[in-house]
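The same chain A turns up in both complexes below, where it pairs with chain B and then with chain C.
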Partner chain A sequence: MQVFDFAAYARFKWSDMRMILKAMGVTLHVTLLSLAIGTLIGLILGLIRCAKNPIVNKLPLIVMEPLRNSPLIVQLFLVFFGLPSVGIRMKAMQAAVLTLSLNTAAFFAVLVHSSIKSIPEAQWEAGYALGFNKFQIYWKIIARQAIRLLIPQAITLYISQLQCSSLVSFLSLMDLSKAGQQVAQKTMLPFLIFGIVAGLYFVLSFPLARFAKYLEKRIGFTI
Partner chain B sequence: MGGYTLNFRVLLQYSGLFLQGVVLTIKICVGSMIISFFLGMLLAVMRQSKSRVARFVSTVWVEVLRNTPFLIQLFFFYYGLPQLGIYVDALVVAIIALGINSSAPNCEVIRSGLMAVKTGYYEASAALGFSKFQTFTRVVLPISLRLAFKPLTSNFVNLVLTSSVCYGITLMEIMGVAKTVSARSNRPFEIYLILLVVYCIFTYLVSFVAKAIDRKIQIKL
Partner chain C sequence: MAMIEVKSITKSFPVKKYDQAAKKYVKDTLTVLRDFSVNFDQEGVTVLLGPSGTGKSTLLRCINGLETIDKGDIIVDGMSVRDKHQLRKIRETCGMVFQQTVLFPHLDVMDNLTLAPCTLLGMSKKDAVERAKQLLDKVGLLSKEKARHNELSGGEQQRIAIARALMMNPKALLLDEITSALDPEMTSEVLAILENLASEGVCMLAVTHEMAFAQHVASRILFMDKGSLVCDASKDDFFTIYRKENERIASFLKFIGE
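After this line comes the complex of A and B, so read on.
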């Protein structure tokens, strides 16, 4: 039972902890950047999905469906290891951010689409009856309600993307999981190290999860 | 495209390897599906129970699993278990870790199914003289599993997608095979493209079949 060999825990030095914390910065960097880009692209895709034209509103699906229905790790490898043979070369960081943003965008677009669609049709008619144009209806009636439905779900998505960002360690990027792996290998204390790493992920995402639940109660509503 | 021509024919010689990968993926998925389903059901029942301890354990279990990455959980078991003196195969670790990981979403889904069963059913079965256990197995469970069927299948699709992470512990499942073949054949683009398409087709198939079954088993409450 090596777990109870407490003397061994001295192998875990402060410098190792610093390395893990530094790697947490990389994880945050990758995640936040790709969430920001992904949200923006996802918003655009989601709004196109809401278009009236039956051909136009299917167009985003071409991008979204493969992204939503395949493992993130395959997407990462396709971008990082696959694209160079087609002549598109990028650094691990760029590949990670690009893939994660597109992945986030695909899921975010679905949320945007579903929350706009869940506002009843009658509100559009009411808007037209009041003499609003399409943009005014979106801005003054639809968006304000849709965003209240959207935000809690978006936070849940962000949390799951934070977990998924651990996969960028396969691109030899020094993120929280990769640092955890290296330190665990060095100190031979997998229980402790992976426990700490899991704890750090938990600290990042659990408050957010609670916040999403609170928001859902606070600003959510049923139509 | 820099004059690059896609060549899928080169990969044909590796089809046997791919088939082995598919078999291993199926093994992982089926094993962990069974674990995650029963564990999820247990957790859901615990969450609904009157005992505070059971509710607490279930809540902590679910929250910890949902807020930590699967990769870390996998490593925790793979590298951690030998420290406890438990030496198991990577395949077993993958099945257990994946099963535990997706017990969390399954718990949520089954729980919302359980909550949707109206009190009238409990009263009716009490009136028929059913014991508590009988009420649960004969009345509540069939109804709530029917309600939970569709979200359960989408959880299982997620499980299959997540199973690709098991490549991280040296398992030669479909993703691991792809990595090896891409190194050998030097055709990474084609391989990962195929993988992407295969996973997509698989997901569509499952959700198509699930919809069909769902239509068949739904009852009016």
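After this line comes the complex of A and C, so read on.
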């Protein structure tokens, strides 16, 4: 079996490892940037979803539903290969960040909306009865409870988006999974190389998952 | 001029009604209070009685501006509930406590008490904490200032909610069946607090089914049925003359075991 052919491991050069580590940087770059942008846009969309006006609060769905109900890979292709035909041309990196940001935003907006909506109506009433106005209640009472529900779910979303970012390799972007493919092909050591690549994804996402667990314990409380 | 003047208000809710003929739900309005008037002075304890669904809670919620009224007006201490800019002042004037307690779960007891006065009255944290300690002492829960809502019994939560309402130094307390979710022991704890407050001159408008409370503490009794005021009497008249002469009151009192 190839796995025990230790001489073959010599085909895996330090330069290959450097390439993988550099690609890990690309993955981190794409992921962190789109998570930041997506969180911001998602927060805005989620807050609009909570508006009282029945027309206004449906508006975000126009962008959210298509993004949530089509595969990310198709969205990436649409932006990178499709948009040029209407005159919008982007570099692979830009297309990747744009698409992943919007995709994250759509899912994040749902989390924001549902966290806010799951704070009981009675909390609002208690706030009003004390004389607070709507914004004071949002800020001092609702947001502070909703964020405790939101954080663990948001981290779960972030972990899943980190892994989905591997799809940007289809835009010929040299991210961690793309580099893995190339090095594996070149060295003919797929078990070793993809093992390393998986390990690196794990190194990025596992601490996040543990952090979510910790937060859940730390700030979770019964309502 | 009375402190609270309810001037022929009408309040209705949009509801869905099943239309037998059309076999579907149609929009309808349910008028809960019709041309309802009553005045409250800033004195004593007024108990509001009446069968379920007659609009007692709705009346209190209208006074506190939690419901918007369709017609008429309510003037609280010279301010109209129709004036959005006065609502904060009105709610400061009338503190409200609900049947289901709603402490803010993300805050401990002390912060539950100090949040509103610090934010809305510009009270310094130090003054607010001091006042909170006095009030916690008054409701017998000084030792619980660091507790969270889930570390408190239902009765304790209600006592905290009373203290929280008193933090704003209201001229009157609106109490909506604040003991009806509690077991008898906790109920008597809470009623003892109310009785104490009443003896200190805190003015209250209370919806309750606790007849003992009505008999011992109330000075005035209002009896509502189907959205209108059936009787507005002193406690003594209510439990003597009206209970004999008004059939609806007699059957209500019998029904709740008085």
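FYI, the second predicted complex is superposed on the first by the 223 of 223 C-alpha atoms of A that agree within 3 Å, B and C clash if a C-alpha of one lies under 4 Å from a C-alpha of the other, contacts with A are read in each partner's own complex, and residues count from 1 in each chain.
By definition in this document, a contact is a pair of C-beta atoms (placed from the backbone, for glycine too) under 8 Å apart; a residue touches a chain by one contact, two chains touch by 3 or more.
Please read all numbers here as calculations on a predicted model, not as lab measurements.
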Chain B or chain C, by number of chain A residues touched: B
First (chain B), second (chain C), both or neither touched by A:Val197: first
Contacts of A:Gln136 with chain B and chain C, given as first, second, both or neither: second
Contacts of A:Ser177 with chain B and chain C, given as first, second, both or neither: first
First, second, both or neither for A:Leu33, with chain B first and chain C second: neither
Which superposed partner A:Ser70 touches (first chain B, second chain C, both, neither): first
Partner chain in contact with A:Gln123 - chain B first, chain C second, else both or neither: second
Partner chain(s) touched by A:Ser166 [first = chain B, second = chain C, both, neither]: first
Touching partner for A:Ser205 - first (chain B), second (chain C), both, neither: first
Set of chain A residues, in rising order, touched by both chain B and chain C: none
Residue ranges of chain B touching chain A (in the complex, touch as defined): 1-2, 4, 63-64, 66-73, 75-76, 79-80, 83-85, 161-162, 164-165, 167-168, 175, 178-179, 182, 186-193, 195-197, 199-200, 203-204
Of all residues in chain A, those that touch chain B in their complex: 1-3, 65-66, 69-75, 77-78, 81-87, 159, 163-167, 169-170, 177, 180-181, 184, 190-191, 194-195, 197-198, 201-202, 205-206, 209
Chain C-facing residues of chain A, complex: 120, 122-123, 125-126, 128-133, 136, 140-141, 144-145, 148, 221-223
Of all residues in chain C, those that touch chain A in their complex: 64-66, 87-89, 91-92, 95-96, 98, 100, 102, 104-106, 115-116, 119-120, 148, 150, 164-165, 168
